[in-house]
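For reference, chains read A, B, C, D, E and F in written order, and residue numbers begin at 1 within each chain.
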């Protein structure tokens, strides 16, 4: 009894239908993923998120494969299963190797450890960092 | 009245002194940062963390500058001020530009947003992700 | 092999049985939810939580439907599936519409994004906020 | 030695200057807050965040004062000091009373407690929630 | 410009005054800490939290010193500075040694690391754990 | 379609095989848990984590059963299901009783609540804590 069900491609109308088509075209996929089909319960959220995500994730000073890895790193820290799965696969499609994913996970683990060592010991900011 | 004070370079002895010297040499700095001086309250934690961090952050399939950026991305998600400051600077020293930092922060923000959209809507894992 | 199993209504005795009856009466439900049946493994935790929750969630300066929405907002941020599901439904029972839930989720997503923009950029508190 | 400094109103040019003017006009304030002045280091992030935030926080099925309270609830859960301060004040400006803030904080505390009771006991989703 | 100021001992009346006296007596301190003086902005939250905390933190199957260490472990994971400081000191008053605190922090760091390794690799629950 | 599959005991070679044998011997178990079999996708992470975890979790100023309880407390706060399950069972094997686990969970819940009361009210550090 989920509160919101995914809006199927058949049910989609107007703005939602347009964005579905764009997603399939831009991502070169044949099926709209559940993430977008569920966001479609609020067409404003769907449109804003799709637009923002494309802007943020596009190649810039950082390659888009690195951006996906950062995305997964955040999702691991937050423990979001769907996000980890879908963006790990996106990273692989864009060229990330298993070695890169393994190393990213190792950094995420270590950063989470040292973040808490810093908090636990209440480390003061060094004068040369101020 | 912090529970643990940093162990100054003058106070350091034995194993701790050795690691302090190694940190300064490897990092090419003249002063041991507060993080290491505070961990020195437990020489096992100091040694293990220093060794692990070097192994995890060394250049591999991912460049060490990119590893620093992932490190900062995690620290932002956890809200660890010292960690964000010290590793942003480390990233810059290793070649990260302001544009790269700006884009990394944008990805971190967006990933934190979509992580919660996924949780809020309880998005189900797509059959093609299983 | 969960460490703690729910205490069924048949197994409940004394204080636990009393609270089970009160829960069903106050909430106007015919079955005690798993949350309470599992807390019953520690009757002090069961009683304290039931009493505290009623005090905190009762109508006051804020409507109880709005309190449920805040509750869900926190649960989304923490990624607690059971909590999101049960309190989304509670919110709907108390009058929350799908539009309200959609907007609440959008705010939760956006707040999680901007929280990290603030952390990433280490924004200083404005003088007019001090 | 922060990585990114706020862009002052005098330094602002083009798109950034326009958004600064809009922020002051829409929010009816005479000074651009540090949040926006810091985001201005990346004009895309500034524009996207300003546009998105207005869309998400506008009055809809939920009053904008309630949206601010949800925003603060998330920020408390994430421990983002700047966000808690600035949006508590925004909530008060929009009509939130001290009683409403007190009750919101109480719900946030309680939700964080019960979220962890659920996780600790690994409570299974009730059949009537599935 | 904090939203809520601590209620000083002189300003305290009725129920709040009573609880202030009880806190000083039970804790054997001469000054009410800021935590309680700030909660006093909502006398219900003050009373409920004081009562609950005493119940939860009292000696039981676990020593109260060990409960304080668990409390600090959670506070480190959440990055709550006030909570870490006040409960580290409480733990020391109740008999925790520096060695115990050092080891607790090491466990907190390691648990935060392995938690993310588990999430990153999406480790499946072993059949013998089900 | 998980990115990384567990490396079975039959597939394990060299360093990985050695560590598998050591895990089974030290832990007195007949089957390597999925956590270690999945980490084996990166033999460096496997070795480093196994070595670090043994060092951190060994009996010291704190009993190893208490260390397991702290470990679970962190895992509950992070919402890591696998970690909660496996370390709750480890704690029980090392002598933790159901009463101890119940009390630990109660402390974790309460600490998460008060952490957020502190953040929500922005409680200032007492002068006697500085």
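The rule is simple: a residue touches a chain if its C-beta (ideal position, glycine included) is under 8 Å from a C-beta of that chain, and two chains touch if they have at least 3 such contacts.
Everything numeric here is computed off the predicted structure, so don't read it as measured data.
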Seminar exercise, completed: Neighbour overlap between chain E and chain F returns A, B, C, D
Exercise. Between C-D, A-D or D-E, which shows the same interface as E-F, counting it as a repeat when over half of the contact pairs match?
Worked result: C-D
For this session: Starting from the Cα centroid of chain B, hunt down the chain whose centroid lies farthest away.
Result: C
Exercise. Once you find the CA centre of chain A and the CA centre of chain B, what distance in Å lies between them?
Worked result: 21
Exercise. Where the centres are mean C-alpha positions, what is the separation of chain B from chain D, in Å?
Worked result: 27
Seminar exercise, completed: Multi-partner residues in chain A (2 or more other chains touched) are 1-4, 41, 44-45, 49, 52, 56, 77-81, 85, 89, 102-106, 108-110, 112-115, 117, 119, 121-122, 128-129
Problem set entry | In the complex with chain D, residue positions of chain A that touch it | 1, 44, 48, 52, 55-56, 128-130
Exercise. In the complex of these two chains, what residues of chain C are touching chain F?
Worked result: 1-4, 41-42, 44-45, 49, 78-80
Exercise. If you look only at chain B, which of its residues touch chain A in the complex?
Worked result: 2-4, 6, 31, 33-35, 38-39, 41, 45, 49, 52-53, 56-57, 60-62, 66-67, 69-71, 73-75, 77-78, 80-83, 85-86, 89, 97, 99-100, 102-104, 106-115, 117-119, 121-126, 128-129
Seminar exercise, completed: Residue set of chain B touching chain C in the complex reads 72, 76-77, 79, 81, 84-85, 104-105, 108-110, 112-117, 119-122
Problem set entry | Residue ranges of chain D in contact with chain E within the complex | 79, 85, 88-89, 92, 98, 101-103, 105-106, 109
